[in-house]
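The first chain written gets the first letter, and so on, giving A, B, C and D; residue counts start at 1 in each chain.
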Amino acid sequence: MGVLGATGYVGAELFRLLAAHPRVALNWATAESRAGETLGGLRLVKAGDAAFRDVEIVLSALPHGVSGRWVGVARAAGRRAVDLSADFRLDPAAVYGLTEFARPRLADAALVANPGCYPTAALLALVPLARAGLIDDAREVVIDAASGVTGAGRNPRPDLLFGEVSENYKAYAAGNTHRHLPELRASLARDGGFTGDVVFTPHLLPVKRGILETIHVPLTQALPAREAAAVYAAAYRDEPCVTILADRLPSLQDVVFRNQVALGVVPVENVQRPRLTVIAAIDNLVKGAAGQAIQNLNVMLGLPETLGLPC
Amino acid sequence: MGVLGATGYVGAELFRLLAAHPRVALNWATAESRAGETLGGLRLVKAGDAAFRDVEIVLSALPHGVSGRWVGVARAAGRRAVDLSADFRLDPAAVYGLTEFARPRLADAALVANPGCYPTAALLALVPLARAGLIDDAREVVIDAASGVTGAGRNPRPDLLFGEVSENYKAYAAGNTHRHLPELRASLARDGGFTGDVVFTPHLLPVKRGILETIHVPLTQALPAREAAAVYAAAYRDEPCVTILADRLPSLQDVVFRNQVALGVVPVENVQRPRLTVIAAIDNLVKGAAGQAIQNLNVMLGLPETLGLPC
Amino acid sequence: MGVLGATGYVGAELFRLLAAHPRVALNWATAESRAGETLGGLRLVKAGDAAFRDVEIVLSALPHGVSGRWVGVARAAGRRAVDLSADFRLDPAAVYGLTEFARPRLADAALVANPGCYPTAALLALVPLARAGLIDDAREVVIDAASGVTGAGRNPRPDLLFGEVSENYKAYAAGNTHRHLPELRASLARDGGFTGDVVFTPHLLPVKRGILETIHVPLTQALPAREAAAVYAAAYRDEPCVTILADRLPSLQDVVFRNQVALGVVPVENVQRPRLTVIAAIDNLVKGAAGQAIQNLNVMLGLPETLGLPC
Amino acid sequence: MGVLGATGYVGAELFRLLAAHPRVALNWATAESRAGETLGGLRLVKAGDAAFRDVEIVLSALPHGVSGRWVGVARAAGRRAVDLSADFRLDPAAVYGLTEFARPRLADAALVANPGCYPTAALLALVPLARAGLIDDAREVVIDAASGVTGAGRNPRPDLLFGEVSENYKAYAAGNTHRHLPELRASLARDGGFTGDVVFTPHLLPVKRGILETIHVPLTQALPAREAAAVYAAAYRDEPCVTILADRLPSLQDVVFRNQVALGVVPVENVQRPRLTVIAAIDNLVKGAAGQAIQNLNVMLGLPETLGLPC
């Protein structure tokens, strides 16, 4: 395997997981600014010097925009690719790699667009309800999502300094303007058949890793706790990377460093129309990025899906 | 003045602000478990030993349940009282002291129920829209609120240990079961005339102080950014403790250690029905508790409203 | 294997590592207050109900004082034991299990006293210098150690609340009164032959896990950087759990979640007498407790020393 | 007054304190990259556009190197100056403004070099012992100092990102190479008459503000706790910004947001030669920088020394 962009937060996680993977070999890894340095015994190279032809699959953790170009180079060299950037997520020629919904299409995929961290959590929470026709599209699905700072990358930005983030909390991209929204809506339509309105507001948490989404779902019918749980139990019965919590709500602590989504489902009291609150937690660097990329890689290679992954 | 319960997080903030207040004297302060200790030059006493008759106004930062009883003692002794607990917030005999809406009734109030921290932020965000008839009650108002740990008090609880809270984040009381909800709905009806549904979900942030609420408002009509801002500008034109941010969203950093609410207002794009997202930030210990109590005290005494307060 | 006390911070780490260990089976685990609950598929029992006779080795993460008693029960039942408490660390009948120095005595040990977290880091830093006779005992060795909060345990204490620890830092047990000091001095004498004075001052860091010790060593002779590095390289040539950093200082980030000590060695400039500053970092829950217990267990069982350990 | 460099962490604190000062007017403030913006009602200008002749005293919070040049401009214009950078701290033409020791020379000072944050805490801890001839110069004074991130400034640096600092801790400039050392030694010689060796090692804490120094002092004679306390009590009897803690150790929480040093003094047990451990805590931005600058300014102007300062 080859890794493009191995030194950002996502790339480093990907490198770490692949280096410890029992069945795949990591042949090369690139890092423009640290080429020549050694990482885990491997000499980092520039992307222009990477031996694309030597590997079966190229995984890219390069920034949006740059990634698409180098993944194109890999594809032109006849290599399969998993792109962790947003560049192909709306491209019909790529398989949108939310593993739990894409499994049958992954085995032969030439190009997998690894989902964004926010959509991964939201889709795993919403698709079962959408497939069951339970979401009332006359009212909006409201998602408030909070992410740790590694979701914003490793480039030094004044607003990501410890002195600014610690003891602070804020929303950003409010008003439904986050770039993950189209991806989320497209997948919700494709995988869940839901085309109603979604309001998505991300927030920056003073933690290093983890995403928690509080998802407010208007229902077409009342759904007691037990029935709501049954919808999820049926949808995810044999899924190794999805946990439905029975009697408590998920927190970041349940999922950090693991390739797992934890879901908690609560009917809403004290309102006139039926609603459900769903809480979804993932590690943005694992199930939200590098871990899911390995999960997809395993399926692409016909390996056990969770091989090399802490689930 | 006398302070009941001066050693919890709210009580300590109240003590600190009163001790530095240029026009009111702090005659006594109580603390059951630390009676006999000296705090800022004052010897702490047990509530049973407090000289209720020596003071004009008693402020209570005792826990819910306990507070009501001692405030009753103060009232029976003919003293005016500001109760920071929830004990009188639904009591029609008390003035609900959200200063900005209660001002005319505060001057002669015998008993002021200081609002909860979560309702303070939510009400300052929602009442102007409600009064203008802009909230669509066929869809729900959804509030996701996140609070620092001092909002949960100073009693040692396993889930409030640094080892559990740091690098973590979670929702609690999901499903609309938080005890602040009835207070919020009652005030929204009384002060804003709005009786539609509200979904309120609190979260625990890994910060010491501060509340940020992301408030999703379904509108009866489209409201461009400038008009939305105008509604708030009109409502809070001369308010010293309310800031409407023009071109950015509020964060905790804007309000901690200050008796101030910061509001940011954003129309929601990419949806079919008109909506507004309002972000409200306060310091839970200041505008959300002790600061607002002083603000109320100042009005009760005919003093300048922000005397002794960092606004 | 059996684990006594599986739900404190150390016990939970021990449970987690043992449950994932490829060659040892975890037969039972105890937890007085959570007996009956299921943890990782295993039903927790009270210590009094544990089947001591069913296991080869008992590991105890019980609190100091309590641990000694239950380890005695295990020993009386003829079982080998690894005690992670302080109860046997000064007992000549137990092997003091700092693996790197105790290896030959571990294979047949009936009772291993797992070292304290602070001494583990300090001893790995000091013993090579002591053995080489390089420490000047006419001046004191000064150790300033800083630990994350999990080192203080999981019992709710007011001073361990997030509201008290976050944005704070303090020393404790100053004046050389920490209970780890006798253990440290005993091992320094036994393993290093050094009997001079040591001043040890622990501090509480606002982090969850990790210990960093800044160790000030007066030298009997000048020791340039290269020679200092050579002393450590010789001492730890084949050690899998010790890393000597060449050109930078260790930080907590280098060692958390790993059974590893990272050492940085710097000669002191601008002084008249020769001195060395050694920085040692470990994860207090791994190499400082549960990880080292597994490392010892592996040696006791004749397994590869780092089996099941992230090094 | 005029402030050079009002938007770094120190400059912003200086601006905030001066803007709220009851007796001095803030005429202008500079910020190269944000010139034209309004801060607290004042329009920021470039240093080249500042009206040096309009003010009585210029305070500079510019970076080392740059500051000296602009302070030179202020002096050439005949203005008095307080320089918060390191540029004049070793210059005999400037008064080294550690207020408690420099008071008599400040009244008429034309140029005050405001001390570094680390030396401020260390000197307030050491000078009383040094003046009393109690420090044994045959052994070294060892200082381990830990600082919050605002001490490293507001320029985006990869190692100051939240993702790197949170849950981390490290030493830097180990081996006695920190640039504050010469300043510390010079003042210790001048103000305390002590010329022995000092080993100073700074560390980076995951907190926003505050410095805690653990200072290890070899003594010429045994000094019981009461006598040690008496040395400090005598030295600081009437000092409004120095607190000697009697029965507990200082923590950051005791001093943040205050222009105060808190000192704790503990004799060292279990050693053969007499030693004292002194813990000193300050807020690096207040007593360690901007607050002390105001304290000096007040003395220069003949105002009450703590006017406008939270002590």
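Throughout what follows, a residue touches a chain if its C-beta (ideal position, glycine included) is under 8 Å from a C-beta of that chain, and two chains touch if they have at least 3 such contacts.
Only a predicted model underlies this, so the values are computations on that prediction, with no experimental measurement involved.
In this assembly, the chain whose C-alpha centre lies farthest from chain B is C. In terms of C-beta pairs in contact, C-D outnumbers the other of A-C and C-D. Here the spacing of chain A and chain D, counted between their Cα centres, is 47 Å.
Mean C-alpha position of chain C lies 37 Å from that of chain D. Chain C has residues 164, 166-167, 206-208 in contact with two or more other chains. In the complex of the two chains, the chain C residues touching chain D come out as 139-140, 142, 144, 146, 148, 164, 166-172, 174-177, 181, 197-199, 201, 203, 205-210, 212, 214, 216, 218, 249-253, 256, 264, 266-273, 275, 277, 279. Contacts from chain C toward chain A in the complex involve residues 166-167, 257.
Taken in their complex, chain B has these residues touching chain C: 9, 149-150, 154, 156-158, 160-167, 206-208.
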